[in-house]
Every structure is written in C-alpha cells, then in structure tokens.
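Some structures to go through are shown next.
Common to both upcoming complexes is chain A, partnered first by chain B, then by chain C.
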Partner chain A sequence: MTTTDHSQATADAAHTDGVVVPQGSRGERFTSFDVDAFEQPGPRDEDYRFSALRDLAPVLDEAAAPADGASVEVTAPQGVVVGELAQGEAPRGTVLVPEDRIAAIASAGTERATHVAIPADAQLTDPIRVAITGRERSRSHLVIEAGTHSEATVILEHRGTGAHAGNVEVIMGDGSQLKVVSLQQWDDDAVHAGTHHARVGRDATYKHVAVSLGGKAVRLAVTAEYGGTGGSAELLGLYYSDAGQHLEHRTFIDHNAPQCHSNVAYKGALAGKTARTVWIGDVLIRAAAEGTDTYELNRNLVLTDGARADSVPNLEIETGEIEGAGHASATGRFDDEQMFYLRSRGIPEDRARKLVVRGFFADLIQQIGVPEVEAGLMQEIDKELEHFSEEPA
Partner chain B sequence: MSTPTDNAPAQTDEEIIASIGGYEYGWHDNDAAGAIAQRGLSEDVVRNISALKSEPEWMLNQRLKGLKLFDKKPMPHWGSDLSGIHFDQIKYFVRSTEKQAATWDDLPEDIKATYDKLGIPEAEKQRLVSGVAAQYESEVVYHQIREDLEEQGVIFMDTDTALREHPELFEQYFGTVIPAGDNKFAALNTAVWSGGSFVYVPPGVHVDIPLQAYFRINTENMGQFERTLIIADEGSYVHYVEGCTAPIYSSDSLHSAVVEIIVKKNARVRYTTIQNWSNNVYNLVTKRATAAEGATMEWVDGNIGSKVTMKYPAIFMLGEHARGETLSIAFAGEGQHQDAGAKMVHAAPNTSSSIVSKSVARGGGRTSYRGLVQVLEGAKNSRSNVLCDALLVDQISRSDTYPYVDVREDDVHMGHEATVSKVSEDQLFYLMSRGMDETEAMAMIVRGFVEPIARELPMEYALELNRLIELQMEGSVG
Partner chain C sequence: MTTLEIKNLHVSVDTPEGTKQILKGVDLTIRSGETHAIMGPNGSGKSTLAYSVAGHPKYTITDGEVLLDGENVLEMSVDERAKAGLFLAMQYPVEVPGVSVSNFLRTAKTAIDGEAPKLRTWVKEVKGSMENLRMDASFAERNVNEGFSGGEKKRHEILQMELLQPKIAILDETDSGLDVDALRIVSEGVNRVKDNTGLGVMLITHYTRILRYIKPDFVHVFVNGRVAEQGGPELAERLEAEGYDRFLVEA
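So, the complex of A and B:
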C-alpha cells in the first residue's frame, strides 16, 4: 500500500467491520507537491518493501539537503533553449506530480528547475547532454520539452557521490520523437532516487533507456503516460549489480489513451554476495485505452551465490478491447548448454562465461539506438565482468 | 428467461432470482436452526462451540489463542474490497441436525432433498467416489467411506469426530502447517472451526478413486469455518475433491476454511476444488501443503462462484525433489472478484513447481492472479514456471496479474509468462459461419481456453465445469 493511506491504523481495530478498501488500481495513487503529505515509508509499505530503505534515508529526509544541491550542466546543440523554471512555473509540474515522498522532496528541494526546450520540427543529430553531479545531499529537477514533430536524444550522465534525489519531467509534443538515456555512473558509495515521468503526445515516440551500473543504492521510477492517441513508449533498462549493490527499477506504463503502444524490456545481471536487484513493472490499461498493445519483459542472470533478484510484472486491465497484453519474467543462471557448447570448443570457463553474459545483454543494447551509448556499454560490461572474475569463486 | 405464470408451480422469490442469474444452487431449505443461532463473536461463543463438542482442554486453549490473534491481526489492506463483511452479523455456529447420519435416509428430509438435488448420493451409488462427507452449515451431517479402504487403515471422517477418535494424530499435526496467527482469517478459523474433513492415508496405500466432500451453507449470514487436515503417509496417494454451494440471499455470508495437508516422503496428494458459492458469499480461505522429499502436491482450484474469493493455495517444498503443481481457473461475472493464485516456496534443493492459471472475466467481473514463487537460500537447482492467461470477453471486465518472485539462490531457473487477450472476432466469425449462435460460439472458445485445466478434473467435474461455463456465458454477448 502506498504511504497515502492514513486510515489504515484506525481501520485495523478488532471486531470492527472491515473498512479497508484496497487501492483500486495503480492509477489511483495519491499525488501532492507537499512533502509532509507523504509519510516516511517503512519496510512493510508495498512500494518500499523491496527497497534499500536504510541507504535511501538521506533522500527521504526533507531537512537534510541544501536547496539546489546538485550541479546540473547542459550541453546542447544550437537551437535548443536552456533555461530555468521556478516552483510552480509551467510547464514544470504539469506532468510530474509527485506520487511518493522521494519525488516530492526532489521537487520541493529544487528552487530553480533546469528547463530544456527542443523547438518544434527540430531534427537534432547530436545529443543533448545533461551532466548531473551529486554532492553530499543533492536534489535536482529537470524539465525536458520536445516540440511537435521534433527529433532529439537526451543523455543524462549521473556522476559523483552522496545522496541524490532527482526528477526528470518529460513533456512531448504531438508527433515528436525523443530518446532519453539515463546513465547511472555513480561512485561506489552514492545513493540515487530518481523519478522520470513522461507524457507521450499524440503519435509521438518515446524511448527511455536506464543504464544502472554504479552506485551503492539506486531506485529509479520510470513512468510513461499518453497525451493522445497513437503514442508509443519503449522503456529499456540494463543493470549490473555487484556485491553490496542494490539496484531497483520501477516502471509504470499508464495506458490512458486509445490505440497506444508500449514495450518494456529490462535485463540485469547479479554477481557477488548481497548483490540485489528489484524490478517492478506496472502496466495499467484503463477502460478508455481500447486498441492497446503492450508487452513487458524482465530477465535476470544470477552469476554467483547469495545474490537476490526480485521481479514483479503487474498487469491491470480494465477493458477487453485490446490488441494484446502480456509480460514475461525469468530469473536464472546462465544456460548450462551454452556453457557446455563453448567449453567443448576449447574456450576456457571464465571466457565462456563472459561470452554468455555479453550475449545476454547484446540484443538489448542493440535496441538502444544511440551509437555512442551502445559502444560504451559493452566495454562497461566487460569491465564489470573482469572485476567479477577477480573475486574468488 | 422465462417468467412464472399463474398456473406454473409456485416458485419462491429466491428460485426466480436464481433462475435469472443462471445459478442453479440458490434455493434454501427451511431454516429453523439458523433462525435461533446467535450472531456475533465473543469469548463465550468460542467456549460454547468447544463445550458443545466436548473438546479437550488443549483445543479450547487453541481456540482462545486464535480468537486473541484474530482480534489483534489487521484486515488485509490489499486484494479485494472486504468492507462488506460484518463480523457482528455473522452466525458462527449453526447445528442443523443432532446426529450424523450413516445413510442418506437418516437425514432430515429437507437436507436429504438438498443433497439429492446436488446429485451427491447418486455419485456415491455409482461408485464415482470412494468416500463422501457432506457438511451442512457448521457440521458434517453425512459421511461414508468404502469398506475396503477402511480395512487398509485409511481414515476419512469429519474433523470433529477425528479429534475424539484419533486425538494423538490430531494433536501431532493440527496447526502445524498453518499456525493460528498466519493471517486474520486463519486465526478466526482456529477460534471457531467446525466440521471439515480429516484424512489419513497409511504408508503405501493408493486410494484410486477420489474422496469427496460437499459443503453447503443454508442459513443467511452464515459463517462456515471448516477445518480440513490431510496426512498422506510415505508413498501413499489420495485425491480429495470438494464442492461448495449456497443459497442466494440479499445479505452476505462468510466462508473461511483452513486446509492443512502434509505430504510425506514420496507420497502424492491431489486436492481439487470446484467452488461455486452463490454471489453473496465472501470466500476467504487459507490452504497450504508441505511436501517432503520426493513428494508431489497438486492443487486443482476452480473458482466459479462467490462474491469475493481470496485464495492462494500454497505448497512448501521442504524435501529434495519435492514437486508442487497448481492449476487454477477462475470465472468472474457481474459483481464478482476472483482474487486467486498460488504460492510456491522452494526450501530444498532440486525442487520444482509449476503454476498454470487461466481466468475469464465477463459482465464487469474482475479476475486477479496473485502469486508468489519464493526460492530460499540453499534450494539449489530449483525450477519454477508460472503461466497466466486471461481472457476478457467484453469492454467492462477487468483482469489483473500480480506475480511476485523472490529468488535468493543463484542456481535456479524461474520463468513467468502472462498473456491477456480478448476473444477474437475471427474465431467468433468462423464458428458463427458454421451455424453456431454467438453465445454457443463464445462458450466454445472459452471451453477451449480452459481445456488444459478441465481435463485434469475428474470426469463428472469436467462436465460440471463445462455446464457452468455455459451458464456463465449466457447473456454475455450482445
């Protein structure tokens, strides 16, 4: 249950009639800009029971951060307008209305949000880069506006240390095409709680890619909803969790308009004691969303003992008039047969293992569609694997 | 739907409502016992139930402990809307007849008539079952087991009698699979349980034909709290089948059973439920089995009736090579919410589990699959596969899938897949071009959809299921 249910404590009294009415669907969550409207989450809260709550404490504490703690630097090709938005200044807050304490804190803790506006009909060949560098306790709020029929790529590079709460609000015009790649390249001790919320315009195409390799604890909530018919949203994710790392991804596709399409694919590997990953994939098809076509997939590859992967694909469907809806989730060790095949060809075990892991991620990486990110990623994964093979088996 | 005319045989209101809703089991008998039963729950009610049954002290203590836990435990704040349950209105114990009958003819006339209408004595006569227990309100009113099974040491009796006749076995296993404090409704059941089946199958004995239990609620605002305990000793096999119906009333009843099953080494138990409560019954049931080394536990769970069902049969695989299987099928029509699923806990190496869930929602009904697969540390080389398919036949129905997976071991294979689809126009068109009307075509598509599960049912239940699908689908088109 969300933190918004204040009636729970009183409703639990014995012998009284059962008055707890569960939340009807994922779309009925409480939202507010007021941090105090959200209680401090506990380990029994449905939305936090898989989370690294102890690590997340600094991003859940409103008082702990100075205003505008993070450095946000935007490098953009010509034509892109970079500015600032004060609290409550539109379009800030029109799409991302916080539905949990973390997002409310990131919003309230950022006096001046960074505003990146891509003009209508612009076709940008070079990506827009946003470098977000965390310090001790930092907050940020970024608003990306894609004009109608524009085409652009935004690469978010999260680096540094400390505890960071960051919001990314994406507003897409009709027919626009936008890729947002969020790279979590944090130092080993960093904590990151991010909320990325997009509204996909009519006939617009949105692709969001989350790559989480660094950081001690990362909790990323990625939401896409639709502003009109014919929109398409693709959420891709890749994560690699080492010993002591807790990487959590929560995706939510809100099919609130007819004839829209969505695809979610997240793949992750875990290596080392106490490596932990969480993937919660919510899809809600509202009664109005006839003709919806959606699929979600999550695959986890557990490489060593003691790692733990949680995978929950939730599907809520309120109309039967859909094209199709499905999800698949699998967690397992790599395929013994593949290993056997490679070994039988004389490839040593550690190398064979690398090949299998590379193969596991390859098809996902190819879907990203941003060449420089694709090239860098395979190297990053090789690096992770080297690190892993150094550990005693 | 036909309406009664003046010269038609007199029908009660309930019968007319039942025929409109397509629910065939909605009649109720004369209800003298229910009328005098006390409503509400208190320590006195619990002590009374225990005293009426002349129970030993330890059982009374268990009940009182259950009551305390029930008071303390919160209502579940997830799943279905349970705000319609009024614990103070419920009749917790209704004794319908003074003594258990040994033949159907010994039963009071209207109770016997009820079971005749349900076809239970006929099934017994035809030897389709090897044992029958019939529970009416709070107690088992009829019970019989095939002589040769009894000679082999198979025990099949109502749970109250078992407590008197097999106290050692009973005390050894009661509450060991589902402790009193497991959840609010398990605690409630522990406090006020009555009736249910007790089955013990000795080592190596195969009970080749199913044992059958039939649960019937008759009175209004009834709370039925049967308690079933099945122990399959090493290398044995038993198939237990239960069915449930109730009359249609304007106010709600509560059915909250606890079923505990212990499957010992290399034994196999199959437990089949065809739940067809009327649409005013809250069905909140806790079912759990433990499977020892090499043992197999299978739940075949059909949920067709009830207003709200929350039921997640669980299998704890405690020994190596234990196997768990759940086949779940749910239909939700107007005003119904079937929140059903399964829970698999892999606690030993080389265990395997499989969950197959199929659901159909129509007429604004809601089906939810809610499941958990948990692989504990040390359960190496475990395998689990979960398949959920949902079929939506109109625009106003709803289907949800909430599959939880918790893997704490690397050497496992875990898969989950779900699809939700609507009945395709092409399929309908094809069948209708072959001369079927739309309802028939729709029913045939739905039957095809649930066939993989239906074929696992005993024959007469498979037929029953097909008939129920047709009833459910009636009026679903157009």
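So, the complex of A and C:
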C-alpha cells in the first residue's frame, strides 16, 4: 500500500509528487491543430511512458489511416439543437485546441463535427444520448454547448470495435449545470483515445464522469479550465481492468480564474496478470486563481497478483491565497482480513468479493447523480467480477 | 445437542523470523449450553485458538483435530464452518467500506440459512435485537464497523451472533476495551442468546471482570499454548486474587 495524502499542501512554489518531474508548468504545453506539429511519441516521452503505445499506434498514425469518421447518433429531448460544424467553424475549436497528437488527429480527422446545443435556461429532465460506434479506424469530434443557466445531462455511449480517436469539446455558459457521462463499453479488442476538454463558465457547475470497463486500450485526457469566477468542476472516474486491458486516464484542472472549485475522484479495480491502469492527475493553480479550492483522489484496488496500477498526482501552486489544495493516492491489495470477516459469517468467497468491490466503488457511484447510470454500473461491476472467478490469479 | 471437540491441536504461524509454534496440544470439549472461560496471559495463544477454529488462513494446523458433532471442521472452508454453526466474535472486527450493516446482516443470514429471510419477520428481528443491545436504528445504514467506537463494534458482533444463531460461539476478548455499561449490555446479549438457543460458548478473556456477568461452567487457564489448569468457576476467583504469576513461573 502506498499512500500520499497532503490534505493541505502549502503554496511554496511548485509542488509535485510521485516520480514525475514535469517539464516546466503543466499550463505551458504546446497546442496546435496541426497533426504534424506533434512528433510521434516514444516510450521515453513523459506523456506516454505509462501508455500502451503499441496498441495506440492506429490512433497516433494519421497517414496510415485516413479515417472515415465514426457513427455518431444523437438522441435529444425537444429544444436541443443538433447540427454539424465544419473545420474551423466556431464554436468548434474555440475551447479545445489539441494538446497532443491524438487530439489533433481526432480533430483533423473529423470533417463534420457533431454539435449539440442546449438552449439558455433549458432544464432538461431526460438525458441527451450520444451513441458513438467505432469500426476499423474512426475519428469523432463532439461539441457540446450548454447555454446560460441551462441544466442538462449528456450520456456518451462508446461501443463497437477498431481504433477510435475522439474529442469532446464542452463550452459552458454562465450559471449552467452540465453533467457529461462517458461510458467506455467497447468490445474487447477496441482502442480508444482522445481528449474531453471543458471550459466551465462563470458560476457554472460541470461534472464529467468517465466509466471505462471495455476496450483493450483506453487513453482519455479529461481536462477543464474556467471561463470566469465561481465555477465548479468535478471529474469522476471508475475503471475496471481485466487481464490484457490497459486503461489510462489523465485528468487536468487548470485553475486559471479566482474563486473556483474542483474535485477529482477516480477509482479503479484490477484483476488479472496483465491488467494495467494509469491515472495521472494534474492540477495547476495559477497566480490569478486566488480563493481556489481543489482536491483530487485516486484509489486502486488490486485484486490479483501481477496487475499494475500507476497513480501520479501532480499539484502546481502559483499563489498562496487559496482555500485549499490537496490530493490523495492509494493503491491497495485486496484485503484478506475483510474477506475472512465476511466469510466467517457464512458468506461464500465470490459473494464476499462482490461485496467488498461493490463497497469500494459505492461512494463514487453515489456521486454520479444520474440514477440510470448508477443502477447499471453496479450490475456491470458484478459482471466483471463473475468474469474474474473464471480466471483465478 | 452440539459438541465441539478440539483434540491435541497444534498450530504454527509463519513470521519473518521463521515458523513459530503457538498451540502445543490443546484439548477442549464444548457442548451446547455450556460456557467455557479460556483465561490466560497475553501471548499464551488464546486468540490463535479462536482464529484457528474459525479457519483464518494465517494459521497452519500441524497436528490434531477439530470436530463439530463428529464432522471434521479443519476440512471446511471459512464460510462452511460458519454454516456448520460456528461463530467467532472478533476482538478487532474489520471495517468493510461501502457495505451497510443491514446489507451485511441480510447477506450473512441468507448465506447461513441457504435462503433469504422473510422480509417482514427479519426486519422485526433485527430491530428487536438492536434495541436489546441499545443500538440506534440508524446503525443499520452505517458501513460495517466503519467509524464504530470500540463498544459499538462489540455490540455489532453480538448482534450478528444473535441473528445468525450459531451452535457454538467463540468470543475473543469481547470484554476488552468496554466500559462497565457496554460490558453489561454485551453480556446481557450473550446470556439472552444462551437462554434462547442453548448456545455453547468459548469465552476468551484476559480479565475476570466479564465473568461477573457471564457465569462460566468451566474455567481453563491457558499458558504457553496449552491448557495448564482447569476447573469450575472457583478457579476464576482464585485467578482474580492471585493473577497468572503462578503459571508463568511454572511455564
């Protein structure tokens, strides 16, 4: 068990943790729409050294794979405007400017981006559903615009096979409340990478939930910045990696405005000899971001021998005038004492394991706030565990 | 009528310094309705006896037998032992985050009985038992042992014992860390279950205090991995007056 918990990190210049020493500030990263401006990454590159580079090849190689786009189907309640945006057509590209080669490929490889606009003041009770189905090699770019003071939930369902590079660009108006749930329900052989980036408006509340259960390799960058004061961003994630799966989540909160709040919580379980997970959690509190309150947490539960979870929180603080900044990271083995306790009450091993793993995820699932997603998830996790009992460590 | 027979039990444990023999030939027979106090100084192997009978993987049985009504307990998995009628109230009950007490109790009851309890009677049973143990109703919605005080943990153990209705219960230092009020409530709970179900009890304790509330039929003094002396309740009184020094010198 390794644990870091600096619940109140002090603001003495940059504060970093773990083995990673960032090349300069996280906020100074190169951005471009030009794919060729980004080199092909190698295993020594800081941003890819935890990645499944071999699996990701089809989403890193533009030339070899002219993409014909993924099938993107939007089902939305009345009032929501669904359209398309050409390359360079605003608001496309105004918030998400690619920070890495994969995002640039997803952007450049999508001629017509899907545009979902939630009108100002709309209060949607039913979620907007976006079904993204991959095949062979596919690209997508989705622009979600939440109008001023609107309230909505968007559920992205990723299914199918092949290699998919997909971006989600979220533009939030002042006072809007938006939940984006991204479900990675890929076939076992699928590869998925991309960036989900949001600009959280003044006094707006953003919640992004990444649920990665399927796919051979998933590499999602989930990032947020603020468009004004008083914004709140919550990034939640849940992943379960079986043998042969490589699930990577890279979160970044750019506290670029004063009086904003952020909370990042990712939890994952690993079962199987070659199960891999990666969580990189970057938080930058810029000099201007006085009154910031931020916390990030990653917990991993290793169910069998041989699985590997990397967990790297990075916190950069450029001002001392903050409410709070903390992070916690812990990777623990499945607890034999918990198992013994439950089994000594007559509960059989597989049932006891389910209880413990369900319990591990329970508080995170309760935070999702989308009842239909919450209910389905518990069943999905149970299913993963049934799979587990078929292939013991 | 149930009989738990422990015969010539030898148990070792692996430590960083090598294998250590802890139990060196324990003989003990507990029948329904009987209460056996196992007393002894720290490190004498009392808890090892409890956990070995319950099947904790940390302990290796190197010799001897444990039989429950003639069935070989040592061949059973941990949960099979519980289903057979054994119960271990732990000294340090384990936290299970995210699992509510009510879910835990129902799951355990279902596993022990082989079928889900009838909802109406079950809810009533749980409520009644919790009231008897002076546990607030909100307890049922808390996560198992998470943030429980020492007294709450012990009451929760006895609650499980009352609801799961084992044949033989091993109480491992259930009295440690309890104030007088909590000790009385917990002891009342044990006596109630004994009266109602004819439970056989192995009561492991360091102190004689709990024996004022739970009257033992037999007292066994445990020293250096085996029973050094046994007798009736009067032995406990003598220990109260003299302490364990006499045995430690002999050992």
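To be clear about the criterion, the second predicted complex is superposed on the first by the 362 of 393 C-alpha atoms of A that agree within 3 Å, B and C clash if a C-alpha of one lies under 4 Å from a C-alpha of the other, contacts with A are read in each partner's own complex, and residues count from 1 in each chain.
The criterion applied here is as follows: a residue touches a chain if its C-beta (ideal position, glycine included) is under 8 Å from a C-beta of that chain, and two chains touch if they have at least 3 such contacts.
Note that the coordinates shown come from a computational prediction; the quantities given were computed from them, not determined experimentally.
Using the contact criterion defined above for the overlaid structures, shared-chain residue A:Ala309 touches chain B, although it does not reach chain C.
Of the two partner chains, chain C is the only one touched by A:Phe361; chain B is not.
Within the superposed three-chain model, A:Glu46 lies in touch with chain B and out of touch with chain C [touch as defined at top]. Of the two partner chains placed by superposition, A:Thr31 touches none, neither chain B nor chain C.
In the overlay built on the shared chain, the residue A:Arg333 is in contact with chain B alone; chain C does not reach it.
Contacts of A:Thr229 after superposition on the shared chain: neither chain B nor chain C is touched.
Look at A:Gly320: by the touch rule set out above, it reaches chain B but stays clear of chain C. Once chain A of one complex is fitted onto chain A of the other, the partner contacts of A:Ser71 are absent, as it touches neither chain B nor chain C. Between chain B and chain C, B touches the greater number of residues of chain A.
The touching residues of chain B, when paired with chain A in their complex, are 41, 70-72, 74-88, 361, 377, 390, 392-423.
Within the complex, the chain A residues that touch chain C are 335-338, 340-349, 351-352, 355-356, 358-363.
Against chain B, in their complex, chain A makes its touches with residues 1, 5, 8, 11-12, 14-22, 25, 46, 270, 287, 290, 300, 302-322, 324-333. Only residues 54-57, 77-79, 81-83, 87-88, 90, 93-99, 103-104, 107-108, 111-112, 143, 160, 164 of chain C touch chain A when the two sit together in their complex.
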